[in-house]
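What follows is a pair of complexes built around chain A, which joins chain B in one and chain C in the other.
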Partner chain A sequence: MCVVCADVEPTTLLEQLISHGILIDTGIDGIYGRSGVFEDVIARFEDLVTRTGAEGANPMAPEVMRFPPAMNRFHFERSGYMKSFPQLAGTIHSFMGDDRGHFDLLEKLQNNEDWTGQQKTTGVVLTPAACYTLYPIVAKRGPLKSDGALFDLQSYCFRHEPSKDPARMQMFRMREFVRFGKPKQVQTFRAAWLEKGEVMMKKLGVPVHVDLANDPFFGRSGRMLKNNQRDQGLKFEMLIPIESEEKPTACLSFNYHQDHFGTTWGLIDADGETAHTACVGFGLERVALALFKHHGLDVDAWPKSVRKALWG
Partner chain B sequence: MKDAIRDILAKHGRLPVAADTLADDADLHAAGLTSFGSVEVMMALEEEFGIEFPDRMLNRRNFASISAIAAAVQMVQTEAAA
Partner chain C sequence: MCVVCADVEPTTLLEQLISHGILIDTGIDGIYGRSGVFEDVIARFEDLVTRTGAEGANPMAPEVMRFPPAMNRFHFERSGYMKSFPQLAGTIHSFMGDDRGHFDLLEKLQNNEDWTGQQKTTGVVLTPAACYTLYPIVAKRGPLKSDGALFDLQSYCFRHEPSKDPARMQMFRMREFVRFGKPKQVQTFRAAWLEKGEVMMKKLGVPVHVDLANDPFFGRSGRMLKNNQRDQGLKFEMLIPIESEEKPTACLSFNYHQDHFGTTWGLIDADGETAHTACVGFGLERVALALFKHHGLDVDAWPKSVRKALWG
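Right after this comes the complex of A and B.
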């Protein structure tokens, strides 16, 4: 550490987390290494989510599925993601040239020129949200049972939005419960999680409030989709101030997709009708950051009640 | 104008019913017009009538029926002429 830098106190939350070794800088905004301390907080929070999911009257046991943070490109294309969020998508391309092409590539690299011209699209894209992988898999199973279906997912997700705000990472983990069924079944699921989620987050001693929200749909058509989403109350977020008091960060989201994915994927309920879906998503890094922000960087010094909720 | 709107709904609205069976005041959302369908209808209306809807008009209400769409198009045309 240089003499000049050593005297400068880190000021932003990101700088503090990095200087305390909780997050690890990689030189790219939004792509960080995670320390053992950070991962332990995430693991404890995930356990709290699992326990909370099992609470309440007649909770349905979810089917647990985990996928790598990449998905079938053709499923991604059919999902309509490029219609709504082309600016956020991450697609995977690889070199598919011959010896001559390889030679050209190396020459361009050597000369600091753009070497990516020969990169060709692969069958894989980065997962944009944990549940995008799920819908075609459920559709392939055929009609739902009469009580529908519930899945427990967690995946690293990618969104291309480099930022100095640690709460806006380019790769982050999303835990999700996804409910399939009749409109009433999925609405009841979402309403129950809106209540349970608030009680759960209050145990963690962070200031939360729930607000109507919209997804960051792209462009002018996106303006209409945002308005429609708000008009119909399809998305709620649980917000916690992390980087700013005025613009708190969405840490949990509660989404009712109506029959959007049902129609896209041909999801059918037990009566042969198009299934509806809803999901509750937990931004795991964001929740961890909110805890570090509000309770300090030393987890051993966090309030007893918070430690009890997480570590038991 | 309503015939032109009906044509656009038939071509771009992805409705599960035939657009020419819809009354002027029939609820298009109830008839199956989705958010994505209404976006495509909006774009097609802009092209057909040479208008641009202001952001504040891009909502469900203005695309709720053929009459509502006609009124919205007329409002934009009137504002553009003023």
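Right after this comes the complex of A and C.
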């Protein structure tokens, strides 16, 4: 019997997190409030990511940027996101009418009719991944230096996929390091993070497994993209069981984009060639959920080694 | 001559912040990237807010909650926001079609036509103010205890008002303390914060001025609401000159909602009466901008007393 909810034993991880006040139900699958405890775990993990990024021989100091959860719609359109993942994107619409239009809107709202007919597309869309805002900013700066560039990003992201799986939130935070440069430079960056990431996550005492992966490209034409991505080894994911043992959740991902963003945005390296890019992404809510799943709901009772890795 | 941009002297605060890399242009007015320096100022100010909240005789410990930038559309509709501020809200729309619909969408995108016709309203809207998500959550918990309740919130918020004034962002963070209880309890909370807030901001060495205010209610019928709000002294704002000396910017606001949210959400106090609510809100980007405006773009050169208040 759960001491908090008293009458019904919560069975799923999501129910347990909600009944213990770690996540807060808002009536929408995938949109949850976060308690102070949950946020502290994320802040501690973010510090660990920062420290891990600074380890190794001659680490490159990243330029830190933080983006709001919305981005330029024109940049979003040019990124090709609607070609690959139309089902996940969120566009932002606003009322731009007058008193008369407002009156009609309120009447519809009052009658429980669809009142959103007057909502017009704005210049912004929800950020689908932390790095989508970055590429046009870097392109505008002109050619890269000879050692390329490295950025440290974090942003709330949106994906329209309502689900009871707490690891599949509609609004979640993604931390990212994004490397720009020659193919060799960005491949070395990704290879280093594949190693560093595994060491880092093992300190957290969670079972990890790295595997070749593909993005959830949309529709029939997306199947070919998935196969190409796997065949070329462009995406690796670090999986941890959260909602299911059989289908563990991707908590970190390691992506080599080749010249995809370089070509899209005209990114040029120091020799005048199209720049290559790679990124490592950390699903912050997913990592926190993995920790609660494997170490229990009471952070004070987590294993000493895990507490030390996070709280020092 | 600016050392960074070399050729053109930036004249406005926004241009200065961008040319010094403190804010990052994304091509959309009111949507900016934040540098590590800007984020650090906000983090230090948030700590100061937390410490200030814990000062005084027998301070009530708040329950900490953090919300994502989107909320339940049904709760948003019931809140009355579309009645008061339809022009500022942002609804979130997604593509829910099939391969054929996707093909049409991509064709429109390719031809630079409006491709958003197939975007359907989702169950979520952008959060307009940090506390809008909170009221239905508190209502669901049942009657308040005799000393009421206090919450510590923070959230990214959206307001559709593109502007060159950096203090009028479309996406910004709001920190809030929200008090629930008897009229006397919530009025005492607001009065205490009107004092504490002034002391806190004076430590930051910025010129502050507290004034009676009103919300930007929409349209003709909104004029009456504005007058009522002012006549009853329901809203005070702490103003600091940022973009203009004549029209200083509201950086903190102190609001007594009476039983507005209590009635809307069926919030009940310990005696079975409709609960009253009040909040104090901190516009985090606005406070950071005020600091850069009054102390300059180099945080290391800010006055010692200001650095001490923030960095300790």
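In the analysis below, the second predicted complex is superposed on the first by the 306 of 312 C-alpha atoms of A that agree within 3 Å, B and C clash if a C-alpha of one lies under 4 Å from a C-alpha of the other, contacts with A are read in each partner's own complex, and residues count from 1 in each chain.
Operating definition for what follows: a contact is a pair of C-beta atoms (placed from the backbone, for glycine too) under 8 Å apart; a residue touches a chain by one contact, two chains touch by 3 or more.
Keep in mind that what you see is a predicted model, and the values were worked out from it rather than measured.
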For A:171, select first, second, both or neither according to whether it touches chain B, chain C, the two together, or no partner. second
Contact-wise, after the overlay, does A:229 reach chain B, chain C, both or neither (first, second, both, neither)? first
Touched partner set for A:75, first chain B, second chain C, both or neither: second
For A:263 in the superposed arrangement: first (chain B), second (chain C), both or neither? first
Which of chain B and chain C A:297 touches, first, second, both or neither: neither
Taking the superposition on A as described, I'd like to know which of chain B and chain C A:83 touches: first, second, both or neither. both
Which partner, chain B or chain C, touches the larger number of chain A residues? C
From the superposed pair, tell me which chain A residues show up as contacts to chain B and also as contacts to chain C. 83, 220-221
Given the complex with chain A, which residues does chain C contribute to the contact? 24-28, 31-36, 38-39, 63-72, 74-75, 77, 82-83, 86-99, 102, 105-106, 109, 114-116, 119, 121-124, 126, 133, 136-137, 152, 156, 158, 160, 162, 169-172, 218-221
Chain A residues touching chain B - in the complex, by the definition given at the top: 80, 83, 220-221, 223-225, 227-229, 231-232, 260, 263
Chain A-facing residues of chain B, complex: 34-36, 38-39, 42-43, 55, 58-61
